[in-house]
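Chain nomenclature is as follows: A, B, C, D, E and F, assigned in order of appearance, with residue numbering initiated at 1 for each chain independently.
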Amino acid sequence: MATQMPAPDPEADPRVKAVFDDIRLTRKTDFINNMWRWLAFDPALLERTWREVKEVVGKPSLIDPLTKEMIYIAVSVANNCSYCVHSHTAAARARGMTGEQYGELLAIIGLAGKTNQLATALQIPVDEVFDAAQSGQPGR
Amino acid sequence: MATQMPAPDPEADPRVKAVFDDIRLTRKTDFINNMWRWLAFDPALLERTWREVKEVVGKPSLIDPLTKEMIYIAVSVANNCSYCVHSHTAAARARGMTGEQYGELLAIIGLAGKTNQLATALQIPVDEVFDAAQSGQPGR
Amino acid sequence: MATQMPAPDPEADPRVKAVFDDIRLTRKTDFINNMWRWLAFDPALLERTWREVKEVVGKPSLIDPLTKEMIYIAVSVANNCSYCVHSHTAAARARGMTGEQYGELLAIIGLAGKTNQLATALQIPVDEVFDAAQSGQPGR
Amino acid sequence: MATQMPAPDPEADPRVKAVFDDIRLTRKTDFINNMWRWLAFDPALLERTWREVKEVVGKPSLIDPLTKEMIYIAVSVANNCSYCVHSHTAAARARGMTGEQYGELLAIIGLAGKTNQLATALQIPVDEVFDAAQSGQPGR
Amino acid sequence: MATQMPAPDPEADPRVKAVFDDIRLTRKTDFINNMWRWLAFDPALLERTWREVKEVVGKPSLIDPLTKEMIYIAVSVANNCSYCVHSHTAAARARGMTGEQYGELLAIIGLAGKTNQLATALQIPVDEVFDAAQSGQPGR
Amino acid sequence: MATQMPAPDPEADPRVKAVFDDIRLTRKTDFINNMWRWLAFDPALLERTWREVKEVVGKPSLIDPLTKEMIYIAVSVANNCSYCVHSHTAAARARGMTGEQYGELLAIIGLAGKTNQLATALQIPVDEVFDAAQSGQPGR
């Protein structure tokens, strides 16, 4: 199901073709997943989203690529985005996530789901030591 | 604010005292944060929650402790639990998270928030290759 | 904090006064909680919301009043509405919820939070027997 | 999938028939979408929901019908209701939403998804000037 | 759809078999629903989750079994977990939930959905009387 | 409360100063709201977020500025972001939102909150006519 279908030939639009070409080049594969094909109806939205993904996910960083994908899985589960859960789980596997690591990831996500609800249910006040405004945590 | 206050002396209950003692021993500190003080009104709930936290967070694992805390932050943000965001951010800092890593973590969480909403808005169908039922992804 | 303050004398508007009078009469108390004072800026919204609350919460029903409040707490926690968590927890206590029942309620909410996240993370397919479209569950 | 199926002939119940007739009359079409067919198992719930939809969506107002549908899309995406995202996107198109407007709507929803998560992650305090309680924003 | 498939014979693992046997014994049925089959890829996660479900749902308690299932439905709807909504609705029916009770439950969940959003939109401050920290609500 | 405090003089960093100057220029005011002061700890995140806000909110478009802010309010309420609800409500007022329009906006958000939960509770299947994949809705 979908709210609209991609155009039959989205790459007829040169701005879309440029993004798709860059995706293929960056990822070293001809496969363009549905996220990009669906966003192609609005070239500006497509360009902006791909630029940000490339910058946040792709560039050299202090967080390794597999950890990044596990964080994406965690957010996608909590936000309940089926497409995103599927695509980031596949991406994490492609980056070497083992079954044991996946099991641990789910244990963390599940436990966080539980303790999040408990803290919300009791409306537990934040300990002073956790509040930067009170503990004087420096800005960086 | 809170929906109920902790008892003035929760450790008068021996089951609560046993959990608090184990928290102090495990974490090598006298500090008991509010989560445990608030859960103490129901000793069974306190015991069960602490046992699970100890098992999931504390035992030797394939995911390093800082990564675990960053995953907790990610889930807590997406679930919008103020207490949890504060406590896990403090815990990640205690495990060495730098300002640069925190900035990257937020970039990932923010981008996931955006792409999650876009995928949900367009109701993008899951690519066959991402669906284990179709791609034959083995169970483990 | 709030996005706007209630008028100094909301009952100067006769439509507001009529709703507030009915709240006082129905609940047998002079206390008007903030929800109603804040909604009073739009009399039509106030009337419509109170009418529905009165109909759903107040009328004789197959679900007893305390159970109703516990269901409200559960939804409010999962939706993360601080005002609602506080007000429905207070209402449940006023209807006799004991500390033991509150502890059990939180255990259920917390466990549901965990299993919800696990089911979403694994994108577990619904068992045929749970799907009314396949199992032939009659409409009523 | 569904948790229960509609009755084979829901309009056998005169209260259901009255609502369905009013839907057909109000919308000038014979098409009754699934929302109403599924709610029909509880005539009181059906009546109350339709009455409110008719009042909020249908009556002359200061917000034009297309804008209303775009707001519904925004809420439905953030609440992650697949049925609602589909039905309100279709309704917005029926009211003239162009592809360009849809692209802009998604850009707003996506950006809000990102900045919402960033504000939540940092637990940014509300600026005094935005707080009606401090800035003295009048009630109406 | 799913992010991974269960192993062809999960009970080849003795830890999985022990849990499945206990599920069959506890529930007096041979039917193992997908939740457990999907969690079986990580025996520790399976054991921990089943132990908690058994303890929270199964043991003698102050909240009757049908009420518990209705609370699970409420949380699952608010958390938007399709699998959970289906399975707990089926479980509630198996425990005797009538169509009338289901209609009332949905009316409560729907109304809470509305008032939650209104309280959040207006950022209504919690009445002092609802705040345990101010009203002196005892811890138990 | 916050998870970290802004640096005492964030504009000592020239990249931060450049963004803050552009915010002042674009908005024609010296006021820099907390969102930007808090993001300043990571200049790249600050730059990327401001660039996107400027592009999505500020440029000439088919959706008028007030409607945009109302859509932001809607998303922020559904995502339950207190900072965002406050800031976008203030922005909508600055763009001329009247009390009547605000009341209508809340009525829509509240009703969507209700019908979203009902559709999710019943797991209502999407009508074929709303599904672009089946109805042949063109891509643009």
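One rule holds in what follows: contacts are C-beta pairs under 8 Å (C-beta built on N, C-alpha and C of every residue); 3 or more make two chains touch, one makes a residue touch a chain.
It should be emphasised that the depicted structure is a prediction, and the values quoted were computed from it without experimental measurement.
Engineer: From the centre of subunit E, which chain's CA centre is farthest?
Structural biologist: When every chain centre is compared against subunit E, the largest gap points to F.
Engineer: Look at the interfaces E-F and A-D and say which one is made up of more C-beta pairs in contact.
Structural biologist: E-F
Engineer: How would the subunit D/subunit E interface be labelled, same or different, where same requires over half of its residue numbers to be shared?
Structural biologist: At the contact between subunit D and subunit E, which are copies of one sequence, the residues are largely different (under half shared).
Engineer: Provide the C-alpha centroid distance between subunit B and subunit E, rounded to the nearest whole angstrom.
Structural biologist: One centre to the other, that is 19 Å.
Engineer: Just the number, please: Cα centre separation of subunit B and subunit D in whole Å.
Structural biologist: That pair's centroid distance is 33 Å.
Engineer: Subunit B to subunit C: how many Å between their CA centres?
Structural biologist: 27
Engineer: In subunit B, which residues are in touch with two or more of the other chains?
Structural biologist: Those would be 1-4, 41, 44-45, 48-49, 52, 75, 77-82, 85-86, 89-90, 99-100, 106-107, 109-118, 120-123, 125-126, 131, 133, 137, 140.
Engineer: Draw the chains as dots and join the ones that touch; what shape do you get: line, ring, star, complete or other?
Structural biologist: Drawn as a graph, the chains make a fully connected set, so complete.
Engineer: In their complex, what parts of subunit E are in touch with subunit C?
Structural biologist: Contacts found on subunit E: 1-4, 31, 33-35, 38-39, 45, 49, 52-53, 56-57, 61-63, 67-68, 70-72, 74-79, 81-84, 86-87, 89-90, 93, 98-101, 104-105, 107-109, 111-127, 129-131, 137, 140.
Engineer: For subunit F, which residues are in contact with subunit C within the complex?
Structural biologist: So the residues of subunit F touching subunit C come out as 80, 82, 85-86, 89-90, 99-100, 102-103, 106-107, 110, 117, 125.
Engineer: Using the touch definition from the top, list the residues of subunit B that touch subunit C in their complex.
Structural biologist: It comes out as residues 1, 3-4, 41-42, 44-45, 48-49, 75, 79-81, 133.
Engineer: State the interface residues of subunit B toward subunit D in the complex, per the touch definition above.
Structural biologist: Of all residues in subunit B, those touching subunit D are 73, 77-78, 80, 82, 85-86, 106, 109-118, 120-123.
Engineer: Name, in rising order, each residue of subunit C that touches subunit D in their complex.
Structural biologist: 1-8, 10, 40-41, 48, 52, 55, 126, 131-133, 136-140
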